[in-house]
């Protein structure tokens, strides 16, 4: 990014960090240095130990052995406060903000002695506005955090670190939840920070970002550091291979015969949900043997569209047709029973029940039907067999079907969800951000499965913010913006730039999104 | 007298504020605990302890304010026990709370019986007397209603303001509110969630004990078994009613007390002669439930209420 | 002779007025050396029969208590221990088939009636406030007698009656009394703790009940109808000692004629009660003792008038 | 400090820690007995004797455990689905009222028909009492901790009203209690001459049934799913509202059975004080049992045993019997702590 920083002094030194959880070694004698003004990308599969390492560095976990030194001084283990005062700032994978307080209050939290009679709001606001200006982090200090978008929340997290004069910024998968535009803004901010002498470690599964932003790459595999290299001296494919330990090729898209319309929305509208718009007179057809890509910045009505098709809400206006007929009762159960597979956006909150084991999670949508239950009595054997089948067929890495799913990595959780919906051989698959946060291996696997379903004649709706993913997989692409849906564009009929125009909200004639 | 006359009289509002005072203390205490993320069902027992400790101090020769101090300390002690079990050890707040209520109540009765084995009529102390505020107490209606109360009532009102200021205007208050909303946010800023929660539960329990002490040192002048009589449970409702805000909780307490004062008076109207007295006693509870239905849409529950926080575990 | 082993089982703490009279009588008898006394207080009715059995098993000879809420079970226990004497407060009468169980109750309507006469004479507003715990017969009976006495002095008197739904909430009783004073009462019938305090603070008068609290409220409590449990208990002790204990209604030992109840001395109010009232009290008291006048026993819930 | 899960708790841990908790409780009780002027060393023996030392003591313990099993199950069922039912006390009384209403001669049926009918009606009444807060919760989002708590007061006053009104025993000489149940409406005694009745058997059956429901039926699965992650349950198509309502019906019904069993089994009539807080103690029982139905039986026996034993002990050594509640509370708090520590290790970091 800002040129190499070979001569710059070392600001952070990790020395033989080892951490075990029971029998598992999450970090195995990991050492590396971070220099002033340098950006290091930390790479690795899901569960490779990246977050663990960063939590140790920040003092939230205590390492079994090894040490962390910041500006030459060894940090006391297990003490976030010491890390903060030494100049380490961390943006967690899951944000640590209090929704009931304002941006300013979240930032000021913990920066002053607790027993002070009051705090200087005006001064704090002044300081925040300065930082906002210097780093290009637009956010209103007096907004309630609960009302912010994901991107804004992340900026608040970064501001929290900067407000404390952090010299080292750690970002754990910062772009996993950002829109492309927000990702660009984030990188712009990081560039400014580096120019001002800060050093950065960031974790990402998106290799093009790694190539674009970092100076150096550190790769972890199974808790061990397997490679450390200058970014300039490597490429995406090499990195992918280093991470997984084997070569990974993107799945090939074979031609498939287009079938009949499986599900269709005609002139459907739904009410707005708080800040997120509902659907506005949407027309959509999903045919067999097709992947329909839905491009768009998150929060533009994707959730509403997914929920309408998935049975969670019924259209306020317009009709939904399944196989040409309007279904009598539209509910998640009706959708599932009718052969619709749903892969939700948030696997932790809506996709699984973290404290249920794999077996119980596997039958979450099917428990009410034979063979999993009869007349209200569960057949646990059938459920276990089903879970075993998914574990084997979909390569879910876990100790066994009795493991609580909470203990699985995101990628393996996602594979279980994939398995549970695909095992019923659905003819419609709704996939909302199915590869978010997944490592390249898992991501490729999910894509392969979607393509395979298409190959056997299923229709797939793929919702994603990643335009590259959409362009690579989709037969037809729609763009969604503020609840309006663009016409469907055939594969290859639009360039990235042309779609970008639609993404920015242009091209939707007032009320005539049915212009397909 | 008809209801309108009652509602317009200063003595009615004076009674409402008297009845509200112990509730204000204890509800504020519960509010502090819950804002930090801990449901404190020990409230009923801690009020009993406060009632006894304060009264006993004065009875054995201490000053009234010394009694107030001892009551708070005793409450904080049980708060500490509650906090140690629920915060670092993360035990169920339901069980610990009810256990503390049982323990505190039984220990109090046990101590009372040991201290005063031979008494068949509980001894009295010289309790707090009404202290009219100069000038202000001469305001019509408001004067006799609000400014002719005992010092403890003024303290209760003062505490509402103090707690509001602390919660919304100080670093400590920020940390406290954050601990009840998202403890990870507190930990990530280098503060100890455990220390904040323990502190909050102790402080809150101290206030609950004050609420109990009000009963024996201001509302009345001797200690009786079972005299707290469910007031603690009411306070839990008041906190929800007040959407976890001190000001609204105060209003809730006064409203509840006003219903109570009103039912006593309405019982003597012709209406009262026809209806069973239980209907009147039910009124404050039923109206509270009704009020909750009306209020609930806007209520903001602390997101981490009843969720223990253990770093390194999930 | 050996002191009789007596056990008391009470469903409320011994501070409760009603129970305090039993407890006090037992302690007096113990001080006299007549009995060996142990007691358990605050026993819930669910546990009552168990506690009875425990004492019975331990060799107590006389068990006293109150079984209003545990009638049936208590009688079953008594049937299982025919050699032990049970003297229990009960709304029901003795059962000849259960020879070892005698019943009592606080029949002090005589004294309550006389205190009503005094109250009737002392009220200037003609408005008397009455605060009770629960409208149980033991409370209703005294309130009704009191009201009858007051009407004797002045049939125009009106009463405000309230029940607070608790035996132990003096602050609530006090607030209820305040409300009555605000609505014109100038004499209060103090069934619960807290009422006399309200009267004292607002400079109105109070009439005590079951116990004498004038020492605590010298300017306030005019007269009190007092229950003396001693005749009841002493009679039972004597029967046990003599081996003649039998099913009987000991209620009569609470009557004035038996010394079971009395009007407390006027004390600080000596000379402040109108002569006419005192004369009427004296006349009625003599008639009661002579058996020529009896106060009606009315257990119905009293209502405001 | 930090808690770390223990993968394989050793036997010493699983047995030793609870034993330690009990030992500490006895030590505290002995100390308090000494403070009150009684010989401390006899305490343990007297407790054991008082709780289990004779057939009478043992049956009394079972007797007191009976309503606690019902309320414990009621709470366990509700808490599994994260329905915070703090109102088992009210539901218990609702069941008791129905029992007293139907069992005093309103229905003159033979026992075999009458008892099941009364029990079902009682369950229905308890269910309705919990249904109100549940519907307020699913419809209006009203916090059920508060509404169930407040309803305890309302229902108790309502019972008081009934006992001084329509339910008052005409032959009761004015005391606020119901008439006596007819013999056909009484649960028979298990042991003739002692208080233990078939309510206890019913409680054991209820525990087994609830275990079956939770572990083996789709309803049990749904209740756990709704409790653990409402959003995911809803997404998967589990009808959250109806499941909560079914949970409420089951939970309220179980609590009502406590009232039924106390009135039809133990007391034979209804008074205002048939429950010394069984509804609240049920919460403790349920949590002590980690919401497991069979655990509820064990926990209820434990709670009852400690109380009966300590109560009898304090009487035997002549100290105020409030010591029994102190012991019970101490035992509960320490036991919950010990049970947690069998599964987690404390790390000081």
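Going in written order, the chains are labelled A, B, C and D, and every chain counts its residues from 1.
Operating definition for what follows: a residue touches a chain if its C-beta (ideal position, glycine included) is under 8 Å from a C-beta of that chain, and two chains touch if they have at least 3 such contacts.
Just so it is clear, the model here is predicted, and its values are computed rather than measured.
S.K.: Counting only C-beta pairs in contact, which chains form the busiest pair?
M.R.: Summing C-beta contacts for every pairing gives the maximum at B-D.
S.K.: Can you check how far apart chain B and chain C are, centre to centre, with Cα atoms defining each centre and the answer in Å?
M.R.: For chain B versus chain C, the centre distance works out to 35 Å.
S.K.: Centroid from C-alpha atoms only, then distance chain A to chain C, rounded to Å. What do you get?
M.R.: 76
S.K.: Report the inter-chain centroid distance for chain B and chain D in whole angstrom, where each centroid is the mean of the CA atoms.
M.R.: Distance between chain centres, rounded to whole Å: 28 Å.
S.K.: Which positions in chain A touch two or more other chains at once?
M.R.: Expected reply: no residues.
S.K.: At least two partner chains per residue is the criterion; list those residues in chain D.
M.R.: In chain D, 157, 160, 164, 320, 322 touch at least two other chains.
S.K.: Listing for chain C: what residues touch at least two other chains?
M.R.: 42, 135, 165
S.K.: All pairs of touching chains?
M.R.: Result of the pairwise touch check is A-B, A-D, B-C, B-D, C-D.
S.K.: Once bound in the complex, which stretches of chain D touch chain B?
M.R.: 1-5, 32, 35-36, 84, 86, 136, 140-143, 145-147, 149-154, 157-158, 160-161, 164-165, 280-281, 283-284, 287-288, 320, 322-326, 328-330, 332-333, 336-337, 340
S.K.: If we count contacts the way the header does, which residues on chain D are in touch with chain A in the complex?
M.R.: 7, 216-222, 224-225, 228-229, 231-237, 349
S.K.: Which stretch or stretches of chain C touch chain D in the complex?
M.R.: The contact residues of chain C facing chain D are 11, 38, 40-47, 49-51, 53-55, 57-58, 68-73, 80, 91-92, 134-137, 140, 165, 299-301.
S.K.: Which residues of chain A touch chain B once you look at their complex with the stated criterion?
M.R.: Listed in rising order, the residues are 60-61, 80-81, 83-85, 90, 92, 94, 96-101, 105-106, 108-119, 160, 406.
S.K.: Going by the contact rule at the top, pick out the chain D residues touching chain C in the complex.
M.R.: 50, 56, 60, 63-64, 157, 160, 164, 172-177, 180, 193, 195, 262, 266-269, 271-276, 308, 311-312, 315-316, 318, 320-322
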